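Should a chain be cited, it is by its letter among A, B and C, assigned in written order, with residues numbered from 1 in that chain.
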Amino acid sequence: MFVLSGYEYFLGFLLVCSAVPAIAIISSQLLRPKRQGVERRTTYESGMEPIGGAWIQFNIRYYMFSLVFVIFDVETVFLYPWAVAFNQLGLLAFAEALVFIAILVIGLVYAWRKGALEWS
Amino acid sequence: MNLAEGVQIVSFGILAFMMLASAIGVVLLNNIVYSAFLLGVVFVSISGLYILLNAAFVAAAQILIYVGAVNVLILFGIMLVNKRRDFARIPNAWLNQGVTALVCGGLFALLSSMIIATPWSISTAPIAGDAALVEIGKHFFTDFLLPFELASVLLLMALIGAIVIARREFFPEEGEDLSAESNLTLPERPRELTGGRR
Amino acid sequence: MDSGIDLQQSFISLLEGLGLSHSLAKVVWLPLPMVLIVGAVTVLALVSTWLERKVSAAAQQRIGPEFMGPQGLLVPAADVLKLLTKEDVFPAKTDPWLFALAPLLVFIPVFLSFLIVPFGQNLVITDLGIGIFLWISLSSIAPIGLLMAGYASNNKYSLLGGLRAAAQSISYEIPLALSVLAVVMMSNSLSTIDIVNQQSGYGILSWNMWRQPVGFLIFWIAALAECERMPFDLPEAEEELVAGYQTEYGAVKFMLFYAGSYANLVLSALLFAVLYMGGWESPIPVSWLASLLGVSENAGWFQAIAASLGIVMTLFKAYLLLFLAILLRWTVPRVRIDQLLDLGWKFLLPISLVNLLATAGLKLAFPLAFGG
């Protein structure tokens, strides 16, 4: 049994929002010129002949940041029920959330000290 | 059957098909980047199924964590080692594949027999719907307090473990890279790997 | 506070009066507000591109667009026509599927988020229970689209821009979510309608910006970073990365990115107005005005005026913020990527955690002032 309210609008709006780019793309299909050349399909590299491909290895840093991000994202999600129900929970819940956050702040400090949050 | 129920059944069908098709795609496609993007589709479809199960907050959290964080992490990880290499053909590959199929099939049979055999105690409490978030909050701070705090410890362990492993993998220990440096005869000293040690 | 015009109820009862069943009448009503909002958002985004040109020009003591329509107002329309009629080039080395899909992944979540933006008590498509959390979770899809665009283009600038954009987006998502959380805590609800109603009563004095001065700044900085606006526009830093992940995109696909980014800016400004500046509430409460003028609050014409005033107020606040964002573009220099990540992780994240805990503490100490 479906009890949530308002999701018929969600579904409808998803369809409407998907229709907008579809209309744009279809109308552009009808309007645009169709010429194809080899030169214009080369990859842009400041007007030079492109050297090598772009599918190469890149900086490890991005990976480290997304690792820390996953942890704190989960933490944020855990805090949402706490915040919404806070007026019915009282002082004890405040202390408990303080412990929860404090444990994760230790993680943040660790990541900070170990250089996981350094770019260079 | 009224209109709303019809829409729900059709959405369920579409979501289930999307999920299964993209899950199969994740496994079977050769391009690992496609697999990663299709994994995002799997997560989005699961989130749609959560909405159909009256769990709106879980659905949104699913998108936020799995699509927004885990999938991005996987993509970064893949692009980090994204070298388009052709793997050498293994002789007798069929043997490995056969064993893998056998193990996977056995696991599937085991899990599905367990699902069928378990007497699921389905809660008879009224569906919370939009009030579910407050209920979750109350449970977190009463009967599920210990798991809640343990989740924080688990997250801390995951963070520290990930940093330790990542540092060991990508940043050579001190003293290790000096020998490699002396072997190079380039006029230019190779630049230090971005400083992880201090 | 439940007074005000309810267009949905009156429309449905009108159709039922014509002999349609209730569910059929609802289905007929369903697409109307959606199409209206999508059209309005498109216009708002186009207006903000015009505003960007005009304000930028004024900041540099130029005149800006002038000849196309009065004050160059038709320039955005000309932009759309131009981009629609351009040839759609797929560079040879791209991954065509992902290349075509990426703009959609950036565009659709932004537009979908307008589902929960209220323009009045009943002037919202739907008042979802998860409200503002829908926006937070939908905005987390964007990094996937940016990475996809960067990867699929197979261009070095694009890949670097896409990676930077995704890293920037994830770095500022947590401060953003935590500052929203502090507001949510004060209104005890995720629903955008409840958040605005919690700020009503004393006009400008009861807005959240006074009770959340730190969260207010964190949200604004993080929202600018999420929109890739000027101090934080590294992903498309034109001097170094040409146009970042958009380098290989042209014609209609570029238009989708462009529209998506401006719609995202408008969305952030609107939600900023809703979260911190009282949404549709005017600085002087409408009910005070009504008693001052000696008119009944329930008179039909008064309610119509109040509803229009609400829409005007929401848009006025949002455009004030947009104006601020455009001015910032010409007043502050771009940050470097290490500064950007330091600001996000080492400054905004701890501050927003402290802000959240401080809000919780103040709520315990002064339940009346912080939403009991």
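Quick note on the criterion: a contact is a pair of C-beta atoms (placed from the backbone, for glycine too) under 8 Å apart; a residue touches a chain by one contact, two chains touch by 3 or more.
Since this is a predicted model, take the numbers as computed values, not measurements.
*Asks:* Comparing B-C against A-B, which pair counts more contacting C-beta pairs?
*Replies:* A-B
*Asks:* Mean of the CA atoms for each chain, then the mean for all of them together: which chain is nearest?
*Replies:* If one averages C-alpha positions chain by chain, the most central is A.
*Asks:* Which integer distance in Å separates the CA centroid of chain A from that of chain B?
*Replies:* About 15 Å separates the centre of chain A from that of chain B.
*Asks:* With chain centres taken as the means of their Cα atoms, state the distance from chain B to chain C in Å.
*Replies:* Here the centre of chain C sits 30 Å away from the centre of chain B.
*Asks:* List, in ascending order, every residue of chain C touching at least 2 other chains.
*Replies:* 128-129, 133, 140, 151, 163, 166, 170, 173, 190
*Asks:* Of all residues in chain A, which are in touch with two or more distinct other chains?
*Replies:* 4-5, 7-8, 10, 55-56, 58-59, 61-62, 66, 68-69, 73, 80, 83-84, 86, 101, 118-120
*Asks:* Spell out, as numbers or ranges, the residues of chain B touching 2 or more other chains.
*Replies:* 4, 56-57, 61, 64, 68-69, 72, 76, 79, 129-130, 133
*Asks:* Once bound in the complex, which stretches of chain B touch chain A?
*Replies:* 4, 7-8, 11, 51-52, 54, 56-57, 61, 64-65, 68-70, 72-73, 76-77, 79-84, 127, 129-130, 133-134, 136-138, 140-141, 145, 148-149, 151-153, 155-156, 158-160, 162-163, 166-167, 170, 194-198
*Asks:* State the interface residues of chain C toward chain B in the complex, per the touch definition above.
*Replies:* Within the complex, chain C touches chain B at residues 23, 27, 98, 128-130, 133-134, 136-138, 140-141, 143-144, 147-148, 151, 163, 166, 170, 173, 190.
*Asks:* Mind pulling up the chain C residues that touch chain A in the complex?
*Replies:* 30-31, 34-35, 37-38, 42, 83-93, 103-104, 107-108, 111-112, 114-115, 125-129, 133, 140, 151, 153-160, 163, 166-167, 170-171, 173-174, 177-178, 181-182, 184-185, 188-190, 242, 247-248, 251-252, 255-256, 337-338, 341-342, 345-346, 349-350, 353, 356-357, 360-361, 363-364, 367, 371-372
*Asks:* Give the list of chain A residues in touch with chain C in this complex.
*Replies:* 4-10, 12-14, 16-18, 20-21, 24-25, 27-29, 31-35, 38, 40-46, 50, 53-56, 58-59, 61-62, 65-66, 68-69, 72-73, 76, 79-80, 83-84, 86-87, 90-91, 94, 97-98, 101, 105, 108, 112, 117-120
*Asks:* In their complex, what parts of chain B are in touch with chain C?
*Replies:* That would be residues 2-4, 33-34, 37, 40, 56-57, 60-61, 63-64, 67-69, 71-72, 75-76, 79, 129-131, 133 of chain B.
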